[in-house]
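The two complexes that follow have chain A in common; it is paired with chain B in the first and with chain C in the second.
Coming up: the complex of A and B.
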């Protein structure tokens, strides 16, 4: 029972799942595969951290995927070093922001930090709009963020006429796929080490995601702001009566969510080496919300921890990886993922009820 | 069900055509086949040709469907590499993601072949690609001559092109081929109307309806992919523009791919030409190249294999019908199933 209610329940579950499958899927414990699991985890984690804040105030942010796509385009159109008129000359940004010589910040020394700052401000503005509409006009988060998702996605596609923007600076691409420390586990007397036997150990995405997670953890669990977030999620009316600035908290939480999606956009677009207006479409939102819920963050609000989301994302990515290794079709993989999310939501209901009964 | 049956039909043909010519590897190879989706007849037939031929030759095929998600395809290829596959064949989501995935495989010393949808940068990997510009040009040149021959009066003719996703080099090649042919007759054609499809039937439907409403007097239509013919029909038929050759109001029409629907429409006289990609040649070339590279221990083979293709027209239909993969499928009852 204690294990079931533990903060580390999903981690234990992940480890049990891993060790149960290793005998049947030896590739699972292969260092290259573990490096893949981690590599797939970092961008999803960053976005899921933002969703954790929103779910904790009993909200939901459906616009995260569109923020990922849109901000990836914003950065790419500013940072591209060259652009093809064959592909992009019909885009409204052609000739104004983007030319054959690339974007306005593509060849400047301060271009990358400035472009990142601009894209984060753009993301924050979208999040603040969501929060303002929800807090000020008492509109349901589902409806506001759904509309934002549709509008922002369409605007991103309009800006590039659905084309991707390539030719991003190498230093920018490093943020999504650069290694800081790599390891080789073979014999020392090899004259030439095959590249596929060099594994990423510490990467830029890892450092970025862990930094975001630490900051988010401190913000949610060690500050007055964090306590106010939980108060709003547990009982909004009671929080208002207690003097919690509920509207400000809602605006800030949705802003944090969009900023996390923007940082996720950096990691996703750089690993694909292009700004893509369609990034974050498809099943992306299922992955983000699914991983957060699997971690234990409650869909009913008032309950959420960053460490849970870390474990949830790890389990979710591990699940996807093992389903791939089992050579299941993408349809079966999505069906299994959906079932696991439903099971996690059900588990959340049971855990909450159990904890309430134990505290009574 | 329709896909399954078409796969069986296409597979049988491919096995007969390609298996005998695959290079023999000392041991069975493990090949990861990562495709973006199986939305059109062309991709279904290509998928079947590749998987069936490899399996018949005793190789293991690990299939990965990315459901049109470039990031998912990248992760799937990485998983395949971690599984220790000997080679990778991809049908990428677009030319840009193809570059990233080819580099990923080559960085890990795994030979990779790109089937039909080429990367934006052709310098890395085994790239099997149709000469889209040439095939489109041949088909559109025939359409242009037909339109000029059937012109009534001296007015310039109005051509329309449905363009694909311009992030896909295939779409750019087809558009270039269209313009190359139309520009040969500067005195006969107005500036072409461009309709964006993004390789999406719903987008094509909306944009074509708007274009036809604004320009009802279209004389020539070229679609960058045959899979859009049912969409064109649903726009043209209610407007009385879906007519057979010889009927009053017939719009000279053509496409590119060479699928079964195009073959049937060509036989029935609703369309006049289609550019044909030699799907079975492309599948065989991709398999031969990747298996040869594996056998030779070549980790980063770089080669561009071009499919010259041809145009099947109402004029050469009788002689060249069975050179088109779609007509082969049609003759085996593909559309009846």
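Coming up: the complex of A and C.
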């Protein structure tokens, strides 16, 4: 009972799942596979942290995927070092922002930080718009962010005519693929170490994602802002009467969500080495919301922890990885993922009830 | 045994434990057919648990129940309904988007050729409504009915299902005095029809007036039981709380001071308030009495900046207030709302989070700076012992687990860290038991003695008369008059509240 209500429940579940499957899927515990699981985890974690804030105020942000796609394009069109007219000459940005010599910031020394700053401002603006529409006009978050999702992703596709923008600077790509510490587990007397036997231990995405998680954790649990976020999610009327600046909190929370999606866009697009308008389409949103809910953050608001989301994302990525190793088709994988999310939502209801009964 | 013919519902050593803690302890009791039995006890005395067992919501841990002499062990609320037990709850269980007739027939529509037979439904509903003298068409949406009328619809539903035992759980909390009088007539009529009634209420005078017998529970045990003649209100209270209460209301410990704290001039909002003016002095408990729809709670919301107003000024400590709730809190206002669950508390959050919510901005230098958690813990712990919130660990325990009285102390307590000057208390003792009521009055007195002003809004005449220094009466958004000094006479206050012009002219309008 206590285990079931513990913060670490999902971590234990993941570990149990891992050790139960290792005998059947020996490749699962390969260092290469583990490095792969982790590298899949970091970008999703950053985006899911944003979603955690939104779910905590009983909202939902469907526009995160479109923000990922759009901001990846924004950065790429500013930073590309060259571009091929065969691919992009039909795009409306061709000749204005992007030319054969690449984007306006492609060959400057301060280009990368400036481009990242611009993409984060763009992301923040989209999030602030969501939050403003929701707080000021009392529109449902589902509706507002659905519309944002449709409009922003359509606009991103329009900008490049659905093409990817490649040729990103090396330094930028490092953010998504670079190692800081690597390990070699092979024989010591080898004269040349083969590349595929070097495993990433600490990577740039890992450092970025963990930093975001720590800042988010402190922000949500140990600041005035965080306490007020919980208050809005637990009882909005009571929060308003108690002097919580409810509207400001809503705008800020949706802004945080979009900024997290933008940081996620840096990690995803640098891994892909391209800005891609459709980067956050398909089942991306399912992964984000699913992982967050599996972690234990409630869809009803008022209940959310960053550590839960870390474990939820870990479990979700592990699940996807094992299903891939089982050679299941993508249809089957989505069916299993869907069922797991339903189970998590059910678990949320049970946990809430159990907690109330224990306190009654 | 003659018991079989006379007893409708019996309990034999009935016991219910939650996590090993008894909520109802070995209860032995018979409920006679055709009588009104008043059930009283403080919150947590075991009334709800007992009702849940009768209604099949929770099973007893041990012991037995009997229905007409037969062993009765309901496995679900459906079993209870089938036998003829009906509940009229505090929160009504009606579908407000359906008509009266649809609500009554919702668990089994009459059909003809597979379609709902609306004519029969309407006819039967009409007959039930006439029986209860509810003057409404069966096709009226429940949404359009007043709380008292909705309750009559619930009773009609019970009659439609041939209920023999009707259990009323705090039925008068949201009723006006007129609606209450009508409910009592209905209960008398049900009794005349040989229905058996269990009547649960905190309002002891109502219980005394209605019941044939009285049952008093304390800490899960039956502490007194007998014909109503043997009880008077002091005896009921003594039995309920297990000790003598020196009085229902504490003595005022200080007199109001001279200076005006809050001044309201010509406050108007079309359809809500019409030219309302009054002053509250420092150290004064200023009572506001009005019936439902008199504008009393609406005025409180306007004063606190939650709703707009068309004209008038509100001055606190000499500064004219305009703008939002946050500005008014900064200026020194505190608002304890009528509905503490919906508007006062974060029910699933800890006591500490609730107590520190209003003042949270004091504990961090900027909104994103780390909070001074030690200071929060120290302040809220001090507050807990100061206003005597009975709870375990305030950092862990959620407010939901507290009794009504302690929940209300948390709602008042969350304002105290900010040291406001004016408290608006809207129905601060609603749903709170006798002992805790006294503590809330004492707290109001203490705050006033410290020089704060208190706007005390209530629909309970006795407490208005018992705790206030002055009493203003409203009707339909207008001030009908103000009584400047005790003793306050019930009938005079009520006459004003019903909109009759004051004949007594100690009243200054």
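Quick note on the criterion: the second predicted complex is superposed on the first by the 360 of 360 C-alpha atoms of A that agree within 3 Å, B and C clash if a C-alpha of one lies under 4 Å from a C-alpha of the other, contacts with A are read in each partner's own complex, and residues count from 1 in each chain.
Going forward, a residue touches a chain if its C-beta (ideal position, glycine included) is under 8 Å from a C-beta of that chain, and two chains touch if they have at least 3 such contacts.
Keep in mind that what you see is a predicted model, and the values were worked out from it rather than measured.
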item	value
Joint occupancy of chain A by chain B and chain C, clash or fit	fit
Included angle at chain A between vectors to chain C and chain B, based on C-alpha centres and rounded to the nearest 10 degrees	130
Which superposed partner A:222 touches (first chain B, second chain C, both, neither)	second
Partner chain in contact with A:238 - chain B first, chain C second, else both or neither	second
First, second, both or neither for A:66, with chain B first and chain C second	neither
Partner chain in contact with A:230 - chain B first, chain C second, else both or neither	second
Touching partner for A:27 - first (chain B), second (chain C), both, neither	first
Winner by number of chain A residues touched, once chain B and chain C are compared	B
Shortest CA-CA distance between chain B and chain C [superposed frame, angstrom]	35
Chain A partner contacts - residues on chain B that touch it in the complex	62-72, 74-76, 78-79, 81-84, 94, 96-97, 99-100, 107-110, 120, 165-167, 172, 196, 198
Sites on chain C touched by chain A in the complex	18-19, 304, 306, 325-326, 329, 335, 337, 342-349, 353, 356-358, 360-361, 363-364, 366-371, 373, 397-398, 400-401, 414
Complex contacts: residues of chain A adjacent to chain C	218-219, 222-225, 227-228, 230-231, 234-235, 237-245, 302-303, 352, 355-356, 358-360
Chain A to chain B touching residues, read off their complex	27, 30, 32-33, 35-36, 39-40, 86-87, 90, 161-164, 166, 194-196, 268, 271-274, 276, 279, 281-284, 320-321, 324-325, 327, 329-331, 334
